[in-house]
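Following this line, the structures themselves.
Look at the two complexes coming up: subunit A is in both, with subunit B in one and subunit C in the other.
For the complex of A and B:
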């Protein structure tokens, strides 16, 4: 399976996601933001970081960059797209995913391991997880407070587009287990066709027991097996 | 402009120093030249008061590749790997503008590390604030923590360890010390020594603005009530540009285009050009009209003294200009040839071909003033304090009091604001004795820790100096690392005061003794004097940052208890030393007595034995015993793992408070699997280690038999509550 990782100036999780993809046997390459065409890929990943310094608004400038036009084209043609953290913010800026990411409720950067629940395991990104499986995944962001309007929230629910929800160790969706104030504890969402996933938690940080756990592996293996 | 006494004084130069300048130049300096002298001769850049003492520190060792004198120190960690590291202060700017001050402190120390060719892999910090009740503290604390996080998180280097302390001595002068650690290959280390004549001097990175002009001079003076007016001298950081600069520099460093490279830190373009020329025994000529400027009509004076961030000066090999320019253009960074090396041994500053200033390089560097300042020895206090007379206090009450105090409360509300995981090599995050960072793609790691003990240093500086080195050494041992070398950040008051200079001299003496005995050399460091306001000096606060090696990453050790019914052993002898202890401070508000003595022989033997036990896979968890004594160490082990302990009372009749809260040095608690107990005890005896069997681990309760029994969750809540209520 061929993957492309888009690298913006200020991306800083690009190496981490490349390590993860290569470890999982993807044929991976990095694509610099000034490129005007994308190689044929089965998966495009927009990594975490602070693209263009997150100046103006996180993801705003990247959402208008040269390479992102190609990403949009590919996504509309059905290519799988994964946006992690800043990548999720960029995808909402492009409109490929609905809603937006506001500043964390406590107005501070948050880095810690949180529990999230798999709320849909019938997608190309999640088929190797069990439904309602609780994962422990690291988050690291300033703006992860997902917000969307009532209409879209209804659509997300009706079409089963919510990918992950913040929860406690046992899988209960509670206010205390919501780290950033995201509406209905939403940690990640799909587009209507479910070929695009945006998520705040970092699955690439959870593929190695020496540093954390292996709860992120099944996301990549799902993609491989699709 | 005529150089008046007022102008000289405003440049922080003493009358004698000005006379010296006239002598070296054989004429009066012009305004630009005066500014350059002031930037190079201030305490921050010249180390004029500290140099005579610093030269006594041990800086050599079999692992040392580069000691002090470069942008950062370099050590050999086996194979072809080298670790580059340094700590630096950004105290004064952070007090005036906490967010930017702290952020640019991080940015500056990162540049010191990647200038040497290393990719930064970890950030650490030591931050000291005034009393939590002081009106400025809360704002400073929030600003500094966000600033440290803001920079490190954005550039994408994990902030993995640190310490945060509160004491009224820092009410009007906080300390912000940042340490960076990088990794490179042994054959890919870059230095700042210029070589060759007529080589291009290239300016790369951000444009030059009017920020930070005379920052280094500000850092070389005490504060007074007008310090707020110094806000414009604080630099503004841009971690995004630094990320680009980092990647561009590392890309250029892949081949051998660079002869010398130096970041523009304190005193910006001035110190970077002078240092490179001075090390290479060359001259340098700059055409200032070529300097990329952010603002219009900047004068040569402003350009030379600006401390705008995210800039570097590079001396390139002939014929490499096009290649280098391409890389920096790719990263959208300025790349301008602004001058060349010469054989004149002068710094020549031109603007549109007019010579604006010309100074012999040695006048700025090797001939800068050096002072052997007067100092007095610390006297041992004669009034003996009788600790026996203290009002009785229950063990449990004293423990809870300490755990809920600002200095001992859980600091995750700080560390959760730092990205500790980016780069995916953080094996042990904050909260343990030391952080562990894996060497990328390898099965080995380094451990890092920063430590300070200002109250010990204040009460008896030479013991205090020794103690910090030992505590830092112990922290690395406790995670299974072999300590290799240190960097130090020496935060002191006004060196013109004999007592303060005495504190400095004696702390250095203590650091030297411990480093020599433990074979733990100093490879880099920074001195920050004039920490004080209106003649009130801070406590002497040397900060030690240590790096150790973990050769095989098979099983990292930390202080989290691992299982129920394992044995707990206290390594090292307990005398019950309560002088300068946090038991007395938190429970009785008494700050009396001498700090605990250091026995370097036991320190070394205990540490090396623990390391051997860990290597033999006989230790489940380990924790060093420091402030608060044995009971605090045990409670930390319990709280981090949610596993309880059942501790027997000491067999010999003793004062329980002395036993549990004493701060005797060279001690550790280790957790041992029952089945290995006999083997471990035998090993300890063969190695002449004094130890006590403390008891066992158990579910749920933190218990001292017959004295106290508390639910760990309650302990945890008390430990966490201070900040939530702050």
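For the complex of A and C:
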């Protein structure tokens, strides 16, 4: 399976996602933001970081960059697209994913491992997880407070587009387990066709027992097996 | 002659400002913190503070309507996230 990782000035999780993809036997390459064409890929990943220094709004400048036009074309043609953290913010700025990410409710940059629950395991990104499985995944962001209007929230629920929700260790969705104030504890969402996933937690940081856990591996194995 | 040229140059540029603020029903935690801090400083009559962004834009045109149209385009293409933000355009 071929993957492309888009690299912007200010991306800082590109190396980690490349390590994860290569460990999982993806044929991976990095694509610089000034490129105007994308190699044929089965998966495009937009990594975390602070693209263009978070100027204007997180993801706003990257969302209008040269390479992103190609990403939008590929996504609309059905290519799998994964946006992690800043990648999620960028995907909402392009309009590929609905809603937006506001400043964390407590105004703090949060970097810690949180529990999230798999709320849909019938997609190309999640089929190797069990439904309602609780994962412990790292988050590291300042703007992770997912917000959308009532209309879209209804669509997200009706079409089963919510990928992950923040929860406690036992899987209960509570206010205390919501780190950033995201509406309905949403940590990640799909587009209608479910070929695009945006998520704030970092699965690429959870692939090695010696430094964390392996709760992120099944996301990549799901992609491989799809 | 040169003076006339400079005058013409001056005339062909219009200046606008854009103020971007979060929509009313979107929580503005930064505004809240600023309000709390000012209240702590004794300014107890303050009721509400909303934080926003301010841009100054020069446009090469003589026509104010055309200028405003361009600035609107600038706002909607990049400066403003219409899901959560409102904007106001002013001629300077």
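One rule holds in what follows: the second predicted complex is superposed on the first by the 226 of 226 C-alpha atoms of A that agree within 3 Å, B and C clash if a C-alpha of one lies under 4 Å from a C-alpha of the other, contacts with A are read in each partner's own complex, and residues count from 1 in each chain.
Here is the rule we use: a contact is a pair of C-beta atoms (placed from the backbone, for glycine too) under 8 Å apart; a residue touches a chain by one contact, two chains touch by 3 or more.
Since the structure is predicted, the reported quantities are computational estimates derived from the model, not experimental observations.
Undergrad: With both structures superposed, pick whichever of subunit B and subunit C touches the larger number of subunit A residues.
TA: More residues of subunit A are touched by B.
Undergrad: Applying the document's definition of touch, where does A:40 land relative to subunit B and subunit C: first, second, both, or neither?
TA: neither
Undergrad: I'd like to know which partner A:122 touches here: subunit B for first, subunit C for second, both or neither.
TA: A:122 sits against neither subunit B nor subunit C.
Undergrad: Looking at A:158, would you say it contacts subunit B, subunit C, both, or neither? Reply first, second, both or neither.
TA: neither
Undergrad: When the two structures are overlaid on chain A, which partner does A:209 contact: first (subunit B), second (subunit C), both, or neither?
TA: Neither: A:209 stays clear of subunit B and subunit C.
Undergrad: Where does A:150 make contact in the superposed view: on subunit B (first), on subunit C (second), on both, or on neither?
TA: neither
Undergrad: A:10 contacts which: subunit B (first), subunit C (second), both, neither?
TA: Only subunit B is touched by A:10; subunit C is not.
Undergrad: State which residues of subunit A lie in both footprints, the one left by subunit B and the one left by subunit C.
TA: In the superposed arrangement, which is not itself an observed complex, subunit A uses no residue for both subunit B and subunit C.
Undergrad: Would you pull the subunit B residues touching subunit A in the complex into a rising list?
TA: 146, 149-150, 153-156, 238-241, 243-244, 330-332, 412, 416-427, 438, 553, 556
Undergrad: Would you tell me which residues of subunit A are touching subunit B in their complex?
TA: Counting only subunit A, the residues touching subunit B are 9-10, 12-13, 15-16, 19, 34, 48-50, 52-55, 108-112, 138, 140, 142, 202, 204-205, 208, 210-212.
Undergrad: Going by the contact rule set out above, which residues of subunit C touch subunit A in the complex?
TA: Against subunit A, the touching part of subunit C is residues 26-27, 29-30, 33, 77-79, 81, 83-84.
Undergrad: Show me the residue ranges of subunit A that touch subunit C in the complex, using the header's touch definition.
TA: It comes out as residues 56-57, 60, 64, 93, 99-100, 102-107, 147-149, 181.
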